Structure formats: C-alpha cells, structure tokens
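Both complexes below contain subunit A, partnered by subunit B and then by subunit C.
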Partner chain A sequence: MTHLDILLTTPLLVLGIGSLFLLMLGAFSNNARLTGIGAAVVILAAMVQPLLQPVSGPVFAIDGGAGGHLMQVSPFTNIATLILLGIALLCLPLIENYFKAAKAYKPEVYVLVVLALAGMVALITSAHLLTLYVALELMSFPIYILTAFLRDDAKSSEAGLKYYVLGSMASGLMLYGISLIYAGLGTLSFTGVFTALNNAAATGEAAPMLLVGTTLILVASLFKLSVAPFHMWTPDVYEGAPTPVTAIMGSLPKIAAVALLIRLLAGPFDSLEGYWQPALGWLAIASMLVGASLAIVQTNLKRLLAFSTIANIGFIMVGIVAANPQGASGALLYLGIYAFTTLGLFAALMASGAQTVNDLKGLATRNKGLAATFLLLLFSLAGIPPLAGFMAKFAVFTAAVQAGLVPLAIAGVLSSVLALFYSLWLIKVMVFDTPDTLTPTPKIPQGLNIVMFVSCIATLILGIFPNMLGNLTLAAATAIF
Partner chain B sequence: MLPDLIFALFATGILVGAGLIIAARNPMLGMLGMLVTFINAAGLFILFGAEFLGLLLIMVYLGAIAVMFLFVLMTIDLEFFKLREKPKAYLPLGLLTVAVLAGEFILAANYGLFSTNVTMLPTGEQPQNIIQIGNVLFTTYVLPFQLSGLVLLTAMVGAIVLTHRPRSDVKRQSITKQVLRTKEEGLTMTKPKLGHGTGTNVAKHWKPKSVAK
Partner chain C sequence: MQALVPQLTTLAVLLPAIGALLGALTFLIWPTLKAELAHGHDDHHGHDDHAPEAPTASSKWAHYVAMSLTTGSVLAATVISWTLFIGLNNGTAEPVTTHWFTWFSAGPWAVTFGTMLDKLSATMLIVVTSVSACVHVYSWGYMAEDASKRRFFIYLSAFTFAMLMLVTAPNLVQMFLGWEGVGVCSYLLIGFWFHKASANAAAIKAFIVNRVADAAMLVGLFALAATFGTLTYSEIFAKVDAVSATNSYAISFIALFLFIGAMGKSAQFGLHTWLPDAMEGPTPVSALIHAATMVTAGVFLLCRMSPLYEAAPQVLHIVGYVGAITAIFAATVGLTQTDIKRVIAYSTCSQLGYMFFAIGVSAYPAAMFHLTTHAFFKALLFLGAGSVIHGMHHEQNIFNYAKSGYVLRKVLPITYGLMWLGSLALAGIPPFAGYFSKDLVLESAFAAPGGWGLPLYAIGTLAAMLTAIYGFRIIFMSFHNKPKVDEAHAKPTKAKSKKEAHHDDHHHTPHESPWIMLVPMLPLAFGAVLSGWLLHNMGTLEWWDGSIVIHHAHSALHDAHHIPEFFKKLPLILAISGITLAFYLFAEYRGIPKRISQLLPIPYAISLNKWYIDEIYQVLWVNPTASVARFFAEWGDKKGIDGLLNGGAATVRDFGQWLRGAQTGYVYHYAYAMLLALTLGLGYLLWKTM
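Showing the complex of A and B:
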C-alpha cells in the first residue's frame, strides 16, 4: 500500500470513516437534523479529491501488480463518482419531512445513506470480483434497511422483506457466477479475467462454464438495475418503501450499477461481446417497451414512476449495448439527467401529497407552481426538446445508430411515444380535470422546494447546453475503451 | 495407511449423518444428523491440511447456523409427524438433483473445465494456512476485508434501528445524574415534634396500597 493508494481511495475512505463519525454524532447528540448536515459535509468532503485532483491509476496491487488490482480509478470512475455524490446531496433534503411525519426521523437514516454511498463508490471503482461482491453487498444492505424503516407500516416491512429476499438471491447468483469464473480461470481481477478470456477467445470458443459465470454476474447487475425480465420486484418495493427512500433507490444504486456494467463490459468481458451484445440488446428493448406500456395502466403514482424507471433503464441499456465511447458517455449523461429529474418528480410528488393519479386532479388550480414543476419534469422525462431528457435520449440513440443497432433506436422511439402518452395523461389530469377539493395544497417544506428548484434549473440548463456535462462524460468514456 | 483409515472414518461419519437427516422422524434428530455431518466434514478439511476451513466450518455452521436452526425448531410449533407423511413424493426430485449435480461434476472434471493455474495452498505436513490466509487477508486484500467490516456494521445498525423502540414508560438509570445529585436536592431536614410526624407533603400523599383502591 502506497500513498498513491490512499490518495486514490480518498472518496471511499472519507465516506467509510465519515459514516462511523456520523454514527457517533447521531448516537451522542440524538439529533437527526445535525446528522443530516454532517452527512452533507461528509459527501462534500468526498467530492473534493475527484473534483480538484482527479488522478487516476490502479489501486491496491496484488502480487505487485502481477495478479491485477483491487480497484481501478480512471477519469470515468471519477466522473461517475462525482455524479453519484452530487445526486446524493440532492437526495438528503427529501428525507426530513417525510420521516418526521412518519415519526421515524432518526439519525441512522443518514448514516445508512452514507454507508450505501461508500458501497457505491467502491462498486464504481472496483477492479476485482471480490471487491465488487463486497461493495455490492455494502450498497444493498443499507437500502434494504431503509426500505423497511417504517416498522409500524406493514407495506414498508413487506417491501423491505421482498427486496431483501430477492436481492439476496441476486447476490447469490453473482457469487455463484464469480465462483465459476474463478474455477475456470484461476483469477478474479478484471485485468486477469480480461487476459484469460482474450486468450480463450483467440484459441477458440470460450468454455461454457465461463459463459455461465459471466451470465450470472451480468444477471445480478441487471437485477439491481431492474432491467425487464428482472424487474418484478421494482413496482412493489417502490410502492411500499418510504417515498424518500424510493427516490434514493431509483437514482443512486442505478448510477453505481450502470457505471459498473459499463466497466465490466468494456473491461473483463470485452472479448465476449458477440455473446452479450444481442442478449442485452433484446433486454433493453423488452425493458423500454414493458416499462412504458405498463406505466400507462398504473393508478398509483409510485408504481407509475417505478415502471417509468424500468423504461428509462432500458434507454440507458441502449447506450451500454452500443459498446462504443459515445454509448457509454450517453448512458452516463442519461443517468445523471434521469437521476435529478426523478428526484425532482419525487419531491413534487411528496409536496403534492398525492398517492394516486386521481389525487392530482386539478392540481393546476390549487397550486400553479407545483403543477408547472410536474409539467416541466414530466416533459423532460418523456423527451421533449429543448429539455434535458431529450438531449439524453438523443445521445443514446445516436450511439446506437453509430453502432449499427437501428432496431434498438426504433424500439426506443416507440417507448418514447408511450412515455409521452402517460406524461400527457398526467398533465391532462392535473390541468383539465375538476378537482375534488379546492383547498390549496399545504405549505411545501423548504427541503422539497430546494430539490424541485435545482432539478428544474438543471433540466433547463442541460437541455440547452447538454455539452456542459456531455463533453466531460465523453472524455471520461473514451478513456476506458 | 493411518490417514486412509481416518479418511474412511470421517467419510462414513458424513454419510451416516446425511442419512440421519433424511431418515429421522423427529426434526430435532435430523438436526443432530446435520451436526454430525458438519463435524465430520470439518474433520476431512483438517485432514487435507485446510485447517482454517475446517475450523471455520465448525464455527459458522455448528456455532451459528445449526444453533439458529435448533432455535427456530424450538420456537415454532411444528407438527412433526405430518411432515413425514409423503416421503416418497420428494424422491424423484431429489434423485434428479443428485443426477444433475453429479453429471456436472463429472463433465467439469473430465473435460478439464477447471483451471489448473489456481494457487494451491501448501498441503501435507505444513500447518500454515491460517497464517497464510491471515497474511493475505490483512495485507493484499485489506480493502475487501475492511469493506466487509462495514457490511457487518450496517447489519448491526440495521438490527438496532429496526428493533429498538424508545419507551417513555420505563425509568432509566442515569449514573451521571445520580452521582451529581447534591445534598440539597435529596435531603430535607426537619425537626418533628413528638407525635406529629415530619409534617412534609410526603406524608399527606402517601396512602397504604389497600386504601388506595
């Protein structure tokens, strides 16, 4: 271990040690708000190194580098970490009011969020299947706990249990896949697997055992991403979890899992492209169509957003499947834009206090500002120019067409039309339907206002100047291909 | 010769234990069969020179998992005999599983699917592998090791957060408060007259329990 190892792992160390510090702060002060401010400070501190001194290189050599490395920091992981932590900062203000109302506002909420972030940063930078597995667990566990946090609420407990059982199964699959790869190749580091698979591909067909192992690892990642055939848990868990946790679940782990998937496919599993590209392409199509078409029939708003997530992950998969720098860059850009748009939508959802679509009836007459926020963010999510969502979709489709994957782009456009349908339907309900009650919505808490404001501003700015983020992601993505 | 005999002993133990799990009518007895299997498997590991794995097996499977099973068996009200009404119904599925697993192993072993460049731990006479595993765990692989520490921390925080409920109806002892209590707060000095009691409020509010009803 050298001083460079320490420098390169700074975000992870800050988050890990910071979580211990927050745990103590929470235990001794018993002040959840103070812990929340502490969490924001810890996250900001973790952003300092990748922002100001974005060095890159392999970290924690095994056998002096001959056996690969445990972690790999690159411009790509730096930008993914920054997006992740930035979005995490935006998640924090959502927490307070909801948990206070549910009488479960405890300091541990923030501790768990920071612990999950440590896992996600480790996941983004991992370059060894062992680190990857442990990081995946560290990312998932706090979110299982947060999902079940309202223990007096049967739905929350049910969602927590469901997420835990299915998530554990996915972890088990991943572990089995890792063990098969180890049995077949005798190495677990990304570089080792890359070389070994390349050699296997050069001499002939890769052994079936390795393909099964690769498949299992990919399936576990796709489960975390809730890509179509592995999406069954998403609507139930989204509906049952406390709304701020749903917002967190819909943004942060997705960023980490997508960054990991891009690195896995561009790194160790690169030589198996002929196997995974068609398969993942079909999954992307399934995801886009299933998510968008099932979102139309939902009446519960959280379930609707869950299906919208599935559809949007499908779009991100298009960028990943393209397997070129433009695709990876588009996927990252899409993720960043999608994450703050959903956060804004969840904030607006909490501010309106609506549970079902009918609760939104005539929102425009009751609270114009809130209805306008909904309108802007929904249009962005559906991909209407000149909002950020359109730029994200444009980037992903361009990459797909460049890679010769026209069917993917066509399915994407179809899915966009479906997404536009439910967005417009929601807007029609808000603007044209007669409200059941004319009482104005209750005063919106400051935290939610901040999130909605930032989200709307970012949607507008990135819609008009997408290159502000796009150039960064493209430079980062070029570095890993 | 002797190692062969010891191997045979442990292997027989595993088979007997596994048979007991299947055949026992009482789940508690089946549980004991599982313990026997685990102990013998641990013995086999130690015989092969993997004493760390053997000890781990005893600690984790015997110490934690088997005890948890027993605990669950004792807590829930199982109708033991109903469980065993149709033992034959599970036979085809069991045989199928065994056949598939065996087939996989034979295939994998015969066609050289297992990698040959797996680093082997030293075998035989060197009782070293605890030291070796410790060495790599605390040096090369310190990062995943620490991360798994954080996972365990998360589990602890979660267990406390999800089960702990602050109760307002229970008096708690605060040692600091007790120690810092002064004479003025805790003592009232009175000079009662003969036959009049202390005359403080305490006496007015106090009633014998039988009267209070």
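Showing the complex of A and C:
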C-alpha cells in the first residue's frame, strides 16, 4: 500500500475524520445549523475523489496483508458512492425544521448522519467479510440512535428499540454466517471466497455449511433492505422515527445495501447463482406484492411510504436477480431515482403537515403547488412516462427479460399496476375529495422547498434523458461483471 | 458560412420554440387576467371599444412583451431560413445533418433528435417561416382587441416550432412528434375562442378526424420499423431496393398507410371534413395552418418518402385518384358556399388535391412547386378575407356584403387589389404564380406513361375552370355590388346591423384595415405574383439535388413539356372563361345563379350540402360508434370491467387487510417471522442439495 493508493479511499477518510471534526465543532459552537453546513462541506469534500474519475478509475484492491484484500475501489463503488453522497446532500435540508419544532435540534444529528455515511461508504467498498460486518454496524448504530433521537417521545424510543433489537438479530445471523464461511473455506476476503466457491462448484456439490453461511449473510442484507419477509420492522420504525430520519432511512442505507448485495452476488457468491436466483426472485415478487397491497390499506402516510419502499425494493430486486450488467445498472438507476423521489415526497409530506391520508383531503384547493409536487412525484413513483420512475422500471424489467426471466418481468409489471393503486388513490384524495378544513397550509420552510424543487426537476430531466445517469450506471455495472 | 449551416438550421428550428417559451413566461410575471378568462373570446366582443374589463397598463405590457418575443423570434427564424435556402442553391447535394441528442436507445434502436437540411426541408423552411412571420405581424392588427392575444401568439409560435421540427426531422419519430405537435397546436388555435360552442366542436372534430388518420399512420410507421429496422430517412432509402426485391407487398402496405395519415392532415377526400369547420378559428390561423403549412405536411411527407413511393406504383395510382377526386369534389362544393372563409377552405382542399395527383404521377417536384406557390397566394387570400371580415365587423357571408349598402371595392381598395392578385394566382393566369405550378401539375398528369393520367388531367382541368369561377365569385360577390342603394334604402339595413351588438357609429362604417395588417400581405402578394416565375426551376427534378427520387420509368414530369400545345393551353382557356363567366354571373346578372339553382335542384343541393359527407358520416360512423360506445359504457365498462376491477381491488384490499393482521407491532412476532422465513429458506436449500 503506497501513499498514492490511500487517496482512493479518501471518501471514507474524509467522512470518518470529518465526523470527528463535526463532533468538535458541534460541541464547542453548540450551533446545529453551523454543524449542518459543516456536514454539507464534508460530504462535498468526500465526493471530490470519485468525481474526478467516476468510471475511468482503476479497480483497486486495498491489501490487508495475509487476510487478503480489505476494500476494493472500482468504477462501480465510485458511482454508488456518488449517488449515495448526492442523495445525502439532499437529505440535509430536511432536518432543521422538524427537529427545531420537536425542540431537539442538536449538532449531533448531523454528526450521526455523517458517521452513518462513513459506514455506508465502507460497506459499498468492502472486499472482506469482516470489513463488511464492521461497516454494517457502523452504518446501523447511528441510525438506531437517530431513530430514537426524540427521547421524550414514546413512539420514537419504541421505534429505536425495535429497530435495534431486530437489527442486532440480523447482525448476529450475519456474524454466524461469516463464521461458517470461514470454517468452510479458511478465508474471508471476497476474492478468496470467490475462488474457493468456484473450486468447490467445479469439483462437485458445494458444502451445505457454505450454503447455510451464504444464506445467513444474504438474510442480514435483505433485512437492511426490508425485503419481504424480512420487512416487518419497516412500517413500525418508519412511523415512529422523526420524519427526516425516516426519509434518511428510506434512502441512504438502501443505496449502500443494494450496492453491497450486487457486489456480493456478482463477486463471492457468483458461482451459487443457481441457488440464490430463484429464491431471490420469489422474494422480489413477495416484496412487490406485500408492499403494494399493504400500502393500499394504510391510513398513516409514513406507514404507507414504508410499504411503498418495500414494494420499490422488490422492483430493484428484479434488476439484481437478473444478474447481468443491465440488471445491476438498472437497479442502481432505479435506486437513485427512487431515492430522490422519496425524499421529495417526504419533503412534501412535511410541508403539508399531514399525518394521515385524510389530512391530504382537497390539498389541491388549499395549496396548488404542493399538490402538483405530490402529483408529479407520485406519478413518477408509479412509473408513468415520461417521468423518471418509468425509465427506472423500464430498465429493470428490460434487464430481467434479457436475462431470460420473463415470468419475473411479468410479475413485476403486474405488481406495478398494484403499486399504481395507492399513488392514484392519494392523488384522488388530494384532488377530488372535499377538504375538512379550508385553512391554507402553513408557509413552507425554504429547506423543504429546495428538496422538492430538486426532486421534481430531477424527475422531469431523468425521465426525458435517462441516459444522463443510465450511461454512468451501465459503465459502473459493466466493471464488476 | 457553409460551416455554420448546421448551427443555423438548429437555431431556425428552435427560435420559435424559445419565443413561445419566453412568451409563456410572461404568465409568471403577469398572471392571467380576469378579462382573459371572462370576455373577449368572442370576436364580436373583441372589437368593442368599451369592453367592460378595460386592460390595465401592466396587462398591456404583458401582451406586448409576449407578442414582441414571439414575433421577433419568428422573424429571426425567417431571415435564417432564407439565408440557408439561398446558400443551398450554391449546391450541396448531401443533406446537412445535425445531431442534438439521443433520446433513448433500446437494443439496436436509438431514437435521436436533430435536423436534416436539404432542398426539400429548406423549401419547407422558407415557406413555413415566411408565412408564419407574415401571419404573426398581421395578427398584431387582427387580434389587437382580443383580451387574450398573448395566448394566441404563444400558440402561433409553438405551432411554427412543431411545423419546423416536422420538416427538418432526420427521422420519422421526430417527424411524428412534430406531426402531432402541429395537430395539438391546430386544436388549440381552432378552439382559441373556446367560449364559442361551434369553435370547440370544430377543434374537437379536427383533432378526432386527424386521430383516425394518425392511427393509420402509426400502423404504417410500425410496419416500416418492422420491415426496415429503422426509422431514419437515409437508412430507409438505402434499403428500399433490397426490401422491395424481397417484399414489395410490405412497401405497398407501408406506403398506403402513410398516405392515409397524410390524407388526414392534408384534408383529402374522405378525411377532409374537419378543414371547413376549422374556419371557426381566427382568420390568421386559417392562413397559417389551414392554407400554407400544416395541411401541406402530408404532401411534404410523401415527397420526402419519394424513394419508397416510387417502389409502390399501385399506391401511387391510389394517391393520384384520391387527389383528383378531392380536387373536383372541393371545387364543386366551393361553388355554392356562402361563407367567404369556407369557400377558401374548400379551395385549399381542392388545391391540395392537385398536389396529390401530381405525386400520383410521380411529379413530386411539381407537387412541391405548387405547394410553395399555393402557400403564398392562399395565405394572401386568407389574410385578405380576414381584412374584409375585419373591415365588415365579422360578417363572413359574401351575400351580405352587398346588403350592407357599401361598395366594398371603394371602401377597401387595398384589400381589393390584393385579393385580385391572390385570385388571379389561384385561377392560374399568367404570369401569376399559380399558372406555372398548376400547369406543370396538369401537364405532368397528361404525360403520365401509358396515358393513365389522362382522367386526372381531365378532372384537373375541369376543376381549374371551377376554381376560376368560385375564386372570382368571392371577388365579384364581395366587392362588385352596384351602388344602387339610395339613402332611404340603406337605412333599414343600418338599423338591422345595429341589432348586432355594434354600439357606436364608428362600427357601422366598413373601414380599410390598418397598415399593420396590410403590410404583411405585401410579401405574400409579391410571392403570389412572382414566385412562380422566380422559382420555376423548382419544377425540375435536377433542382432538388437528390432530395426527391423518381424512378426512370415514371417519366411524367420529364415528358410534361412535350405534350400537345392545345392541352397545354386548355386549362388557361378554361380559367379565363371561368373568370368571364363569374363576372357575368356574380357581378352583372346576379339573378342567373338563382335561376340555375332552381333549374338544377339536385346538383345544387349536393354542392350546397358538401356532398352530404358529414351527414353520411353521421349515419355511417358517428351514430353506430355512439351506440356501440353507449353499449360498452353501460354493459362492458360499468357492469363488466368496473365490476371486475372493483372486485379485483376489493380482493387486493382484503389481502392487504389480512396481511395487516401479521403487522402486530410485537418485536417477538417480527423476529419469529424472520426466523421462520430463514428456516424455510434453509429447508429449500436442503431440498435443493439433496
């Protein structure tokens, strides 16, 4: 490891050191807003290195001595990191207003976000099962804390605890899986596991112990992604967490976890495709169905969005299951588009002040602009052309067809009809129902306006020019297959 | 200069769009006024000096900013287009293409945007931008008192952009977007006075009839994509020979369906019914869309696709006969209509028929030539008619002009002169523009190989005489009444017109239009007089530098100059006799037409009722469709599909409710579910490895 190679890990270093710096800044200035600006600067600084060579950079492994590589930087991780950090920037403006209203606007919020981001970047670039585990925990713990951040609020605390208990269980499963892999293969680096599994597959049947280990590791990742049937925590935690944290939870960890899952399946577990492809295909269908049909019966908007997340993760899984560059690219594209659409929706939700679906009644008469934002983003989420959401669905379904998984693509298309249901239902409530009150919505804070604006513009632009992002994700995905 | 051609083309196409967008932005600064919504849509109110909502100073600004932006951008586009056109004459045979961006690509498909400039698109560029610029300027005067005139200008510019995209597109996808774009703008402009029920109905009719044609066109495009694997012009043309050797049936199929699409836009017989009704729109719209540009899109498309049509001779025969039928049909209807704009609309229909039968005998250059000259003189006629209507306070019935008690040729001398120029060009009298192009069309028909074009020639020549009659019927009926009305006689008519919501004295007097309306007619008049002579090279294949392809066996255009002298002169003789006849019938002895109509009641009724096409369609299509639709709405949709869907939705909802039962909120239930799923997964693995 030379001094130049360490430059490639700058995003992680910047975020890690930056979080410490922010902690000091927050502690001494006790100024949350200043810390927030500092967090934005840190995130921007972390983006510099991947921006310099997004898809032309080398595939570079960071050596961990005898244990094999610990981390790997490639065009794929660069693009995933860029999407992650870009979305993270969009998350920051959501925070201030909500926490101020809850009288909990403290510098630590931003510190925790940056710390979680460090974990996510480490997760994206990890090339060793132990790195992976540590990164997963580094990502999860700040989010547990953020979920329970409103200490005096019973719901928030409950949600934090639930998330923590179930998340710990998933971590336990993963650790157990890692130990089984180590017992079977004697190595934990991705390349080592890849070679060993390939050899095992070449000589005959893979040992059941390895399969169980793989399954446990995948289950833990699927838990983070809230793929059905490991999704049960999602609505409760979403509902209880402070709304900006819900928005963060619904976007950032998903990006990291999807990137990791793609790399795991294309890397170490590649030779087990025959095992995981059908299983994950069924889980994708289950997620799409459970998410869409449960969203229909929700009355609480945050729960509704939680189920929408589950359904959308199902669509992303379609791209992952396709196990080809197009699928991985489609999944990344979907993820990016989904993430900013969701953030825009959360911003609109906070701006409207609505808690339940009924609160949205007749929003179109009370605040036209806000209703139009909802409409655009919901249509995009439902996959109506020419909005970005359509292109995202188009990309993953095309990939599934190219991989020969036509039934899966058909199931996906049918599920998107179901998913259309709740989008249209919300729009119907906003536009056609008579409002209970005619009071106009309160003035929308600037931060939320920015997020909604960026989200709407991106929805329109990426809907018409999907290749602006699609070319990048395709180049990124091609690098790892 | 040559190096700049691609950028200039892009600029010419985009300028009107930019103008329209900037114009639309004025709505952000000055939002819609109450006056724009409430009043002033009806043109009878539009000219009321004492309109209840007097526009405020800032709203005036809103209008003038939007109008200047749109008009300015179109004028600039016109200058650029002419520069390009003249530059091209110095000879680049290869089309100059630009690539804007790739919209999306899927597998071997890539849908790209860009421009393609060759003789064909350059000709359309100057036609579209010139007429559009004249119409923009003219509308400053014509729409001066309309309360929502900026909306009008924004639509006009948006239309111009769509039309330019249509003609400069390098592939059929972009062309189709332009094609639909002009359709939408046409809908908006026909229905511009949306408070008038008839305008709404006409707008909807135009849209629906065009949808029918577009459906056929889409079938053609899909077939084209399936057969050729591409929708880019250059790639299609390169493959025509290969495809026609193996699958000539496919080529005929594609050509036929594209033609049906073109029939809709170009108002050919059978799909023409929307065009006369479209006269409900403001007159400048008729001049721009329904005379010079959009309705010629079909002609342009067929000329653009000439390599394909040359490989489908049977379809060309159909094109020829449809064109001829349209030419004679519309001419006969034009004879008896009383609305000045409708007569001109039928005349347009008829002239488009000429263009199509020129295409039918493979004389594409003749069709394009006639398209160009026709654009000038027909736009001139429409604007002239607009000037008359403006001067006569929205009286459109040519029989009522005499009743007004004024001699219009004395009241509107300039308009009168300009209308003469336009009508002479329409009738095909030398040296006016129509003479050159129409004669070329007829001669080409005569010279078609094997003599199959002779019926077309005969029909066309007869129609040429009718054209002269109805064209001058307008002139003589509108302008040539004898001032026999004395003061005593005139008073009752004045009193009558008082009832028609004219409030002050100024409005009783017909008046010549303001200069802002007359000046833009001058370039058009110049075109109507001289474009035939100046551009007569357009009638030769060589002039088109390869943008039009004619099979060597289809020699009609080439042989057109060698037909017997008598048949060359016959249309002219008939046209002059037509004008003379019109003079006697409609200026000197006005009793005769009435006697003729009484003597020949049936032909008269057929002509007056437009061959009963609308009525036939009502019985044949509209009523059955409506009953079928009602049946499906009642039984299929409400009871069938809604029932099924509501049932389906209820099932999903029930499923959701049932699943919701699992969402208990207890951590140990959730953990149990996870472990259960894990166990099932491991069981699956066990089964799989056994």
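One rule holds for everything that comes next: the second predicted complex is superposed on the first by the 463 of 481 C-alpha atoms of A that agree within 3 Å, B and C clash if a C-alpha of one lies under 4 Å from a C-alpha of the other, contacts with A are read in each partner's own complex, and residues count from 1 in each chain.
As a working rule, a residue touches a chain if its C-beta (ideal position, glycine included) is under 8 Å from a C-beta of that chain, and two chains touch if they have at least 3 such contacts.
Bear in mind the structure is a predicted one, so any value in this text is a computation, not a measurement.
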| item | value |
| --- | --- |
| Contacts of A:L185 with subunit B and subunit C, given as first, second, both or neither | first |
| Subunit B versus subunit C as contact partner of A:L70, first or second or both or neither | first |
| Which of subunit B and subunit C A:L343 touches, first, second, both or neither | neither |
| Subunit B versus subunit C as contact partner of A:I296, first or second or both or neither | second |
| Subunit B versus subunit C as contact partner of A:G16, first or second or both or neither | first |
| First (subunit B), second (subunit C), both or neither touched by A:A118 | first |
| Touching both subunit B and subunit C, residues of subunit A | 208 |
| Complex contact set, residues of subunit C against subunit A | 101-106, 649, 652-653, 655-657, 659-660, 662-663, 665, 667, 669-671, 673-674, 676-678, 681-682, 684-686, 688-689 |
| Residues of subunit A defined as touching subunit C within the complex | 161-162, 165-166, 169-170, 173, 205-206, 208, 211-212, 215-216, 219, 223, 229-230, 232-233, 235-236, 275, 279, 290, 292-297, 391, 398, 418, 421, 464-467 |
| Subunit A contact footprint on subunit B (complex, rising order) | 108, 113-119, 140-144, 146-148, 150-151, 153-155, 157-158, 160-162 |
| Subunit B partner contacts - residues on subunit A that touch it in the complex | 1, 9, 16, 19-20, 23, 60, 62-63, 70-71, 106, 108, 111-112, 115, 118-119, 122, 128, 130-131, 134-135, 137-138, 141-142, 144-145, 148-149, 151, 182-187, 207-209 |
